[in-house]
Structures are given as structure tokens and as C-alpha cells.
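Reading through the C-alpha cells given below for one structure.
Chain IDs A, B, C and D follow the sequence of writing; residue 1 opens each chain.
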Amino acid sequence: MDKTVASPADAVADIPDGASVMIGGFGGSGAPIELIHALIDAGPKNLTVINNNAGNGQVGLAAMIEAGMVAKLICSFPKSKDPRAFTERYLAGGIELELVPQGTLAERIRAGGAGIPAFYTPTSFGTDLAQDKPTAEFDGRGYVQERWLKADYSLVKAETADRHGNLTYRAAGRNFGPLMCAAAAVSIVQATRIVAPGEIDPEQVVTPGIFVKRLVRVEAPQQEEELNRAEAVYP
Amino acid sequence: MDKTVASPADAVADIPDGASVMIGGFGGSGAPIELIHALIDAGPKNLTVINNNAGNGQVGLAAMIEAGMVAKLICSFPKSKDPRAFTERYLAGGIELELVPQGTLAERIRAGGAGIPAFYTPTSFGTDLAQDKPTAEFDGRGYVQERWLKADYSLVKAETADRHGNLTYRAAGRNFGPLMCAAAAVSIVQATRIVAPGEIDPEQVVTPGIFVKRLVRVEAPQQEEELNRAEAVYP
Amino acid sequence: MTDIASTKLSNAQIAWRAAQDIEDGAYVNLGIGFPEMVARYQVEGRQAIYHTENGILDFGPAPTEGEEDWDLINAGKKAVTLNPGAAFFHHADSFAMVRGGHLDVAILGAFEVAETGDLANWSTGRGGVPAVGGAMDLVHGAKRVAVITDHVTKTGAPKLVERCSLPLTGVACVTRVYTSLAVVDIEGGRFVLREKLAAISLGDLQAVTGATLHTDGPVADLIVPEL
Amino acid sequence: MTDIASTKLSNAQIAWRAAQDIEDGAYVNLGIGFPEMVARYQVEGRQAIYHTENGILDFGPAPTEGEEDWDLINAGKKAVTLNPGAAFFHHADSFAMVRGGHLDVAILGAFEVAETGDLANWSTGRGGVPAVGGAMDLVHGAKRVAVITDHVTKTGAPKLVERCSLPLTGVACVTRVYTSLAVVDIEGGRFVLREKLAAISLGDLQAVTGATLHTDGPVADLIVPEL
């Protein structure tokens, strides 16, 4: 078994117009820049993107929005140091936004991967973000019903992978990666290193390979924050 | 910060009559034998125990049931090679059983630790185990609503702990440990080694210390299956 | 009428037949007991990865006696070994794999299977100590849920039935049944016969089946090696 | 009437006062921005462990400039360091800590706090791009949710009010407010004044507060060091 594909371009080549795509990362930490840029090169349109944020500067997700590929964004915090790509489109009515509290976003994605179609959370109860959502009372407290979130694809950045797809991450870059691998029909992972099965200690696997469909090695991955500090622009 | 207490006896001394106690382990794998035996020595009565099984032989949970301490058991599979302690009491009406499918048991405990009061699962839909439970349809499929499971205490076996309560486990002994640490008001962990904070790589922590209240070192822990093969009896 | 007892496949042969349908790279859960036998007959050149509910992916066969590590067991509480590429995880993650649709195949035993796809395999309904384990989870989520079973009970009663009489494990969940006499798909609430032993006539097979066996194209001979 | 502008505490002093109530061994989440300042004034001899939503427990102060690792950031996307005993985890586990009642204290900023404990701190309701982040999660689950804030807005309007006029972050969630003039508890749907600056009279304090300040026992002087 070898889930490795030759290049980021190969890894994302079949993502069609209209697909839903989860993209890992919290701000620049864990953002799979090479996979995103390969997707920009491929250029599918009308995508629904699930990410914690809405991009920063002119690389990564921001560049994808700038390229006009994103019809809808599901996120918790569409602000950043330089959010212009999203902000301009959003204020012009050119992109739909579904704003989800961060913990609810994480839990909805976790539920998608875990076969839990709906759950109750105290988060957002009594607020505008709970409008039109079913509510229920348990033990005298009010809760909001939230639905699972799944996607056709996910793009995730890992540190070490083995060829079966077992993964480790790097520091806080882990964030949404394990959840998005499980919640997408086709999870696509870029890893700094791809090793032989058995080289990752079974105790230290963070994402078991069953949640990973495709792997691609990106030996020296770019870091979004560093690109932005260098005022990089993609393409 | 040092969560270490001096002995298993000290660790469980305050567990009162009528408490609910989650006990980690799947069969003998991960069973915190020394903590259970300390609890037998302490002898609180009328306990509700949450465990995957119902004990095997005459040690550990089986010995606790034999000692008449368990009023109710919440489990998925109350059978084993030598289940007599539970079986005799159950058939005589001396112990209440709440039978929960294994994945639902795990998810209910996970929900308890994660602040999710209820969730929907396909598991048990249309079966006797879903009787009297609310059901709902999502996207044309039927699901059962299940409630979170919390406990006053949990007893868990870990491999390495640091003094802040960060934990690693051993092989499949991990099973319910991370979930039960989070779902109990007071989680009590026995670990083969207790090291200084910083000695466990932050990437390799399985249970973060926030989920752990008390630690006790049990340097050469007994293994339930081995005790049973030696026909051990406790006390 | 055929002497079914002398014609029927052994459990090993049923397991062998089920193993032929496991594709290369498949993630598989084998129910405890008889279904575990399927792993022995993995097709040469194909690699399946076995999942066990208690938190291991890619475990291997039992260790030699005396070499057991009792923290390294499968859902049947038998000692196992690890293959290169194995991973440990907790129970909630393990059942996320099960319920979340990540397993390609789950192969289970059965007391009864109905033409509706309903399965009864956890309770004889006769009292005693009830125990369910992971059975009710496994029937939901795996992309394909298959059953391996003798075609009839020890007393000769059909195990393939119109409606299950025993407590259900799951509703409309089984899609293929490998029996000691035949391979039967469940499609649109009907049993569809795909393969049968050449030595048994369709009539005789129908006689030991508790619901109508439909055909949909040719019925192949069920051919298995001596084992 | 007291000149509030020249009397009131600085943000650093408000943060200092809030830090005095963080107990040894507490697990703490500090909202992004102003609340992050609380960590600077941790009481000597006490050890708090800081949680950040993006998946770190026990992070430390910012590294020196040029030493940043941009995969090692807090929820405010600022570079941080690790203390011995730190742990990484994914976002669902991180918010399990938040919602599951595992944090001892969450300290947040506010646009408005109501005497009901309602908090508004995520949206000015004026259009633009809405962004919520982890605020709505943090107000649920932490054993104690406290707010640090100037007592009034930049235009002098009260921030402690009977009912919030801005979109809510959470209902009945705040139990203590540390302001630039006072320390106020929220109990039974009422503001209960615990401490106030000696230089301001109760009447003057009430005049800049949008709901009745109750007392329940003595009101202590709010005393903080020069910072």
C-alpha cells in the first residue's frame, strides 16, 4: 500500500467545480500552502471552502479567494492582518459566508468524520448565531443543535507521514488537520517527510492512515506567515 | 504543580458510598488493577461503575463486584472467560445493568468530557436497545439520541505521566483512558513512571494534564489477564 | 434431495470465499469468533489492514504461545502482533472509524439475516446475561457489511429469513451473505442468489432458505479449495 | 464629581487586579488582545497553566524577535514559547477542554456586560465583516468567566448595563467584572459591588454604570500598584 502521489498538482487534479474543500490551518500555522497553490493552478470554480479563517495577504487561501474560486466560505474568524481578498469580495456580495463559532466548527467537522449527524452544544445559545437552529433543554440548560460538516476533499499539512497515511504534525500546526482528514471523502495530505510503514511509533501516530487518501511529499514547505512577512503574492 | 499522591490508597480514599466511578480498560488491557484493589480495601458501597466489561475471574472489577460494592454497572459486554462474579449477582437481581453498544459507550463518555449533552448516532436504531430513546431523521436516515455520560471519579492506567498529569499509554491499554480522564470530576491515574514536566515530548502527549486530577506511581503494575492465568484472588 | 450436511462448505471454506472479495488496500473489521478466520485467507498479493474496536489499526496474527503481551489484544481479547504501519488510538476515535464510514468492509456472524438486510447476531432473546459489544456499531458505517454463516442452524432451521425473529443488531445493514451453500446479495429488500454449490439444486437451496431466493442474471458455481 | 479619566486604572492595572484572583494550579484561557496582558502579572509563587484554543496547553511568553516559530502561535496568532509540561492537541480536543468545564478561568474583553451575566463582545452590530472565533465557546464551560474592561466606552457610555444592546456572545455567563474603577460580581441577576477605587464615590460610580450597583457586605478599596 502506497498512498503517495507524485506532486501537489497530481494530488488536487480531480477536484471539480462546485466541490466542498476543507483546508487545514489556523491562520498560517498548519496551512497547506503548496496544496492550495496547486489548487489555484488547477483552477476549479464555485468551491465551498471550510477553514478557520479567510486568508491573509496574497498567498494561500487569500490568493484562492482573489482568484475567484470560492463561492462560499464556512469559517469562524474571517479577519486577519491583511484580509482584503475576502473583505472586498464579501462586502461586494461576491462570496457567501457561514460564520460558525470556532469550537462548534471543530466539533461539526469532528462529527462529520465520526458518523454523528447532529449534536447539542451550549455554544451560541441565545445569540444571533443560533437563529433558526433547533434548541433543546437538558438538565435545565439550553443547548443548540448543530449538524455535522463533511466535505468532498480536504487539504492538510502534516510533518511526517508513512506510506499508509499515518501522520504526525508540527506544533500548533496540528489544529484542524486530524479532524479534516476524517471528515472529507478524499483527504489530501502534504508531508515534509514520507517514511516506510513502521518508522512512526504506533504510540505516536496522531492521524491513523485510515483517514488519509492521498499523500504528497513537500520537502521544504512554505509557511504562510513568513510568506506574508516577505509580502509574497501568488501566483 | 504536582498532582502526585503517595499511594493508591490515598488516591481513592475520598470516594464515597453512592459515587459513580469510570474504570478504564478493555478486558484486562489497561485495567488499573492497583487502583481498583485500593478501592476494594477502602470499601465504599452502592457504586455505579462504568467499564466496557464486567470483570473476569476474581481480581480487579470482578473482585469489586464480588465484594458487593457495585449497585449498577454501565457496560457494553458483561461477559468474559470467567464472568461468575457479575453473572451470579445479575441473575439473582443483585446488580442493575445498563447495556450500551460499545461505540455509543465510548462516544457518550467522550461527550461527557467535551461538554456535549446529547448527540445522535445510527447505532442501535430500530433495535431493543433504542427503546424509549428519542429518535430523529437526518437526510433520510434514522438516528438515536444518546446522552453524555459523566462520573464523579475515574480510575485510569497510564504508562508515563509527568507531574502536571500529561499522559502516555501502553499499546491497546489506551482504550477508554483518555475519555474517562476527561469525563470524571476527579480523574485518578496510576502510571508506571512519573517524570518531570518537559520530559514527555509535547507532540506525544496523549492525555493533556488538564484532564487529570491525581496521579500515583505504580512502578510494576499487575496485568489482569496474567493475574487470571495465575488464578489470583483478591483480596 | 442433496445431503446438505456432507456437501456444505466448512467454516474455513466460507471464510476463504469471503476473503476473495476483500480488495487490495481495504480497511477491514472482522467480528470476533468465526469471522476472525477470514484473515487467514487473505488473497496473495493483496494487502488488507485490519481494525480492532479496542484501538489498533493494522494488527497481525497471534504471537507464538508464551510471547503474548496482554495489553496488545484484539476485540476478542486474543493476543495479537503489530504489522509495520500499525497505530494505536482511543475508543472514541476507534468508533469514529466504524460509524464514520471509514472501514471498507465489516464481516460478521449471524443468528439470522433477513431479506430486508436486517441482522440479528447479538441476543438469542432467551434471557441470561445480555452483551452487545461493538456489533451494533459495526453494522453501521462500514461501506460494506457482509455476513458469514452456516446456511441453516444446528437444528436445520433457515438462517436466511423474511423477517428476523430474534432481537435485531441493525436494520437494513447487510448487503452480502456468504453461507455454507451459497453467496447471496441483499438488494432492494430481496435475496439475490449469486453463487451456489454445484452439487445442490436451486430447489433444494430454496427449501432450506426462509425467504425467496431471486436471481438476477446467471448464478455461478460456488467453488472453493479444499482447506 | 471625580475626574474619572485621571483616576481610573490603566489596562495594565486592571489586568494586574484580575491576575490576583487566579489561583495556583489554575488552567486559564485569556481572550485575545487586552486579556492576554493578565499573564504578565501572575502572582509570584503561583503557577497558572495557559490554554490557547488553537491547541496548546502551557505556553509561555513571546520569543525574542527573530526567534519566532510561526507554527507555534496562540489564538491571537502571536508567536509564543512552550513551558516544560506543554502539550499539543487538535481543535476538537481543545474545545472539549473549553466546553467540558475543564478550564478554571476564562478572562475576556467586553463591549457590554449585563447584570444578567449576558456578555456582548464579538459584534458591534454595525455590518462589515462579522467574526466570532472562540468567544462564544469560551463563555460556556469555564468554571469562572470573568471580564476585564474599561468601566465606560470611549464616548463615556456605560459598559455595565441592564440589558446588552449589542449582539450577545453568551447568556448569563459572566460572574465577575474587573473594570477601570471597580470589581463587580454578578449574582442572581444583579451587579454586586465588591471593590471600588477609594477616590470615587459610590454615587459617582453608579452614575457611570448602566444598572443598579448592589452591595452585599462591605465594599473594599480597589488597590493596585503603579505599573
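Heads up, the rule we're going with is that contacts are C-beta pairs under 8 Å (C-beta built on N, C-alpha and C of every residue); 3 or more make two chains touch, one makes a residue touch a chain.
Since the model is a prediction, treat every value here as computed from it, not as a measurement.
Novice: Keeping to the contact definition above, tell me which chains border both chain C and chain D.
Specialist: A, B
Novice: Farthest from chain D in C-alpha centre terms, which chain would that be?
Specialist: C
Novice: How big is the gap, in whole Å, between where the Cα atoms of chain A centre and where those of chain B centre?
Specialist: 34
Novice: Measure off the straight-line distance from the CA centroid of chain A to the CA centroid of chain C, and report it in whole Å.
Specialist: Between these chains, centre-to-centre, one finds 36 Å.
Novice: Using mean CA coordinates as chain centres, what's the chain A-chain D distance in Å?
Specialist: 30
Novice: Residue numbers in chain C touching 2 or more other chains?
Specialist: Touching at least two other chains: 56, 88-89, 92, 95, 98-99, 140-141.
Novice: Give me the residue numbers in chain A that touch at least two other chains, ranges are fine.
Specialist: Chain A, residues with two or more chain partners: 107, 110, 114-116, 121-122, 169, 171, 202-203, 206.
Novice: Can you list every touching chain pair?
Specialist: By the stated definition, chains touch in these pairs: A-B, A-C, A-D, B-C, B-D.
Novice: Which residues of chain A touch chain B in the complex?
Specialist: Spelled out, the residues of chain A in touch with chain B are 107, 111, 114-122, 136, 138-139, 141, 143, 147, 168-169, 171, 202-204, 206.
Novice: In their complex, what parts of chain A are in touch with chain C?
Specialist: Listed in rising order, the residues are 1, 110, 112-116, 162-164, 166, 182, 196-198, 202-203, 205, 208-211.
Novice: Which of the residues in chain C end up touching chain B in this complex?
Specialist: 52-56, 69-73, 77, 88-92, 94-95, 98-99, 118, 123, 128-137, 140-141, 167-171
Novice: Can you tell me which positions in chain C touch chain A when the two form their complex?
Specialist: 24-25, 27, 47, 49, 51, 56-58, 82-89, 92-93, 95-103, 140-141
Novice: In their shared complex, at which residues does chain A touch chain D?
Specialist: 26-30, 52, 76-80, 83, 86-87, 90-91, 97, 99-107, 109-110, 121-129, 142, 169-179, 206, 223-226
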